[in-house]
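Next come two complexes, and both contain chain A; in the first it sits with chain B, in the second with chain C.
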Partner chain A sequence: MGAGHTHALYRDGRSPLHRLPPQVKLVAALSFVLLVVATPRTQLWAFGVYLVLVLAVAAVGRVPLRTLRTGLLLETPFVLFAVLLPFLSRGAQVEVLGVSVSETGLLAAFNVLAKATLGTLTSMVLASTTSIRDLLKGLERLRVPRSLLAIAGFMVRYLDVVVGEMQRMRVARAARGYDPRSLLQARAVAASAGALFVRSYERGERVYLAMVSRGWTGAMPDLGTPAATAADWARGVVLPVAGAAVCTAAWVAAR
Partner chain B sequence: MSAAERVLEVEGLAFAYPDGHQALFGVDLRLHRGERVALLGPNGAGKTTLALHLNGILSGGAGQVRVAGLPVEKRTLKEVRRRVGLVFQDPDDQLFMPTVAEDVAFGPANLGVRGHDLEHRVHEALRRVGMEAHADRPPSHLSYGQRRRVAVATVLAMEPEVLVLDEPSSNLDPASRRELAEVLLSLDLTLLMVTHDLPYALELCPRALVLDGGVVVADGPTRDLLCDDALLRAHRLELPFGFDPVRAGR
Partner chain C sequence: MHIPDGFLDAPTSVAGGVLAVAGVAYCLRRASTELDDRLAPMAGLVAAFVFAVQMLNFPVAAGTSGHLLGGVLAAVLVGPAAGALCVAVVLMVQALFADGGLTALGLNITIMGLVTAFAGYAVYRALLAVLPRREASVPLAAGLAAGVSVPVAAAAFTAFYALGATSDVPVGTVLGAMVGVHVLIGIGEGVITGLTVGAVIASRPDLVHGAALVRRPLEVRTQAPAVPAGGA
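Coming up: the complex of A and B.
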């Protein structure tokens, strides 16, 4: 267990993208994704340009294509939904590979697929070049309330601990011959889940006591993230500005 | 012995949990500056309950706790929690920040320390436990023994007057146990160590108290207490097989 969970996506490196302050990267990624979503779906070429932009940024961050490909697995549920759309939608029908499907459905499917893929790729690039700790620091600079960040931080910190406990319980069940073959045997798993919840709850209380013991009064201390320089922001806006140009051009072309 | 040299005074402390279970029935103890004292007792003797009173986490029963003359009450809590550093049994409970350095900074930051002073305190605390090379690692990547030492550092960074450790040797392998002992012996601090690990108590603490049934039933030199078979037996304390307190460490 251990390391794998918290840093599954992050790849250590010294690329210009790694060195960019996290708050800049967060703003750039979020605005780029919003621009992609705001692009009219009829302008297919625009999405091609977006893809080139994201891949270019990934190249700057030396993110291997393999990592991006793995990340796209996250998108699978959306893909399944998108595949159904051309068959479920009504309206003008077109023939694709001898099957009659709805034209608007096809466009809607492309829309979902293209935007989800670009969004996923953008977050993958962000996640592979920014550690979770830096992401939290960036969010702090962006004035996200500290208590929310503390909750996110605790989740990151204790995920390994809870997963470890869960695995030990699974091993302990298996060691006593537990080998579920039907849903009727799920009772032991449910009991374990309950025990895990109680244990985690009790741990939460102990962590709280440890925090209070060290003078915590309700506010998390400032993590002391340095401010981003103008030069950082100048580098950071390249992607959103390029995206804005594509988006504007797409809207003009769509009229 | 003047009052100023008494770092920790507990008088007639009694406490019952909200569910009615009474854990302490009038505890009296005094620690002088620089003393290292072991608080011995079987499971359920009230050791942890007592420890939680020393920095005001639990209160509300009868009796009083004073830290370097300062009574533990609501308006003194902040100062009391600076003066009494409590190290919890499970380092995973104590280390909750994303990195070791941030965790060590948590306490002093709550006291209002910032900037270079804060960095200095963090570095110094980690140096004292020999963990300065691991400052930027997440606690989950450390061994259990290393996490326990970092947990001590998180409290040292607050520059306490008394260090209270709850079962410091539990779950440690022999090497980690020895490393922690070396760290604890190198600290120039008043130490109260809650434990039922009798050899560890003998190694680290010249004086020991036995807590059982919510009262202090014995107080004296650790070696004398460990040689008192009847006392140990009466309070469910046992020496490990083959351990001879008379010859150990001599």
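Coming up: the complex of A and C.
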């Protein structure tokens, strides 16, 4: 199947985090983020502790800080929203740098920013230390329907082919001196998109026939992903347990 | 516009997850009866197409740009269940690529996958019922349905916001802002969806699932044999 179907974020490595079975990492990341989301916003310190925890895990996985910083660009639209919150919210007003803003709005802005940043960082650490193929295998161990994962597997496998095809069409258009920029010129883009759909669909038909001729019966064979050992789970729960402790402490302190 | 973690509170995120699991299970069942053993390769390739098409940006207003959601496009091209399934798979893989929050994945799938595809397809069918029964109506209906689906998705987001907001901006303000901006994005979505469906219809009308609604069954005209006048 050619070189590993990886994505931009994944960094090959041999750190303890890379070796942890994917299902353990998925459960750990999801439960940790859920705990972060459930933390009361008034306990500002808790989010600092969470940040230290995520960065510690990133250090164990030898994820460079540069990678994490680039990934945070993904949440830029929500930063803009968060900046507006103190001005749109109701409630008691406070003076910040001589501007009157809503106190609850300020807290809500911090809440959105902190939780979204921690969530993005956690996903980034997961994606940097686990290949997409392993992530799908981990989901399989977690009883996600195999047909859904088969679709996702095909999508990931052919993503570069389809995106490459789209880029070649764009280059071909540009080579003919046409570079549509406004919505009024959407017809050219749409013609390419239509051609891309027909080509993708026909490729799907060819792939299907090739698979049938090799004995495909409609179900992916079990690849025999190894089960995670108790020791793996013990290592995996360190992050969620630490998160749960912080979350509980924050709830107690908020009373 | 993927919802990140922490934008809505934990119970709402979990509720979104439950809704998404139920919806995806339904789509999976319906799509596998439609596509049978072709499901994995066909839906996989269409999902890759949706992912690629989402990279198409178009200018909205004042320097901001929107990108295609592709929910209605996929629903018209391959049917609502398979279309929603493709968008759900795209969102799942994007969440694994750290785009969109892990805990918000259920909400994202519910709003951008299920609501867009099914509500959009319902509008599409309703429009086809009133438009003339011709293949030329298909791109128009698809475009209008896609245009409507974007503000509808924005309204669905506002409904979840009303349930689990983490900020106290009045719901009315959010509804106005979200729907207002998304009407503009919807225009772009509608134009590109309509033209794309039109381009597919021009070359392979048989591939457009939604066009089956307007296709007439083949008519075989038989002429009554002429009875010779006057008798033999």
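Keep in mind that, in the parts below, the second predicted complex is superposed on the first by the 246 of 255 C-alpha atoms of A that agree within 3 Å, B and C clash if a C-alpha of one lies under 4 Å from a C-alpha of the other, contacts with A are read in each partner's own complex, and residues count from 1 in each chain.
Here, a contact is a pair of C-beta atoms (placed from the backbone, for glycine too) under 8 Å apart; a residue touches a chain by one contact, two chains touch by 3 or more.
Just so we're clear, the structure is a prediction, and the values are computed from it rather than from any experiment.
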item: Combined model on chain A: chain C and chain B, fit or clash; value: fit
item: Chain B versus chain C as contact partner of A:L17, first or second or both or neither; value: neither
item: Partner, of chain C and chain B, that touches more residues belonging to chain A; value: C
item: Partner chain in contact with A:V33 - chain B first, chain C second, else both or neither; value: second
item: A:A242 touches, of chain B and chain C: first, second, both or neither?; value: neither
item: Touching partner for A:A127 - first (chain B), second (chain C), both, neither; value: second
item: Superposed arrangement, angle subtended at the Cα centre of chain A by chain B and chain C, nearest 10 degrees; value: 70
item: Touched partner set for A:A193, first chain B, second chain C, both or neither; value: second
item: Partner chain(s) touched by A:V49 [first = chain B, second = chain C, both, neither]; value: neither
item: First (chain B), second (chain C), both or neither touched by A:R214; value: first
item: Per-pair minimum CA distance [chain C against chain B, superposed on A] in Å; value: 8
item: On chain A, positions contacted by chain B and by chain C; value: 132, 153-154, 156-158, 161, 203, 207, 211-212, 216-217
item: Footprint of chain C on chain A - complex, ascending; value: 7, 9, 29-30, 33-34, 36-38, 41, 71, 74-75, 77-78, 85, 88-91, 104-105, 108-109, 111-112, 114-116, 118-120, 122-124, 126-127, 132, 135, 145, 147-148, 150-159, 161-163, 165-166, 181-183, 186-187, 189-191, 193-198, 200-201, 203-205, 207-208, 211-212, 216-218, 220
item: Residue numbers on chain C that touch chain A, as the complex places them; value: 1, 4-7, 9-10, 13-14, 24-25, 28, 32, 36-49, 51-53, 55-56, 58-59, 77, 85-86, 89-90, 92-93, 95-99, 101-104, 166-170, 173, 187-188, 191-192, 194-200, 202-204, 207
item: Contact footprint of chain A on chain B as seen in their complex; value: 52, 55, 57, 78, 81-82, 86, 88, 90, 92-99, 102, 105-107, 109-111, 114-115, 118, 138-141, 154-155, 158
item: Chain A to chain B touching residues, read off their complex; value: 2-3, 6, 132-133, 136, 153-154, 156-158, 160-161, 203, 206-207, 209-217, 221-224
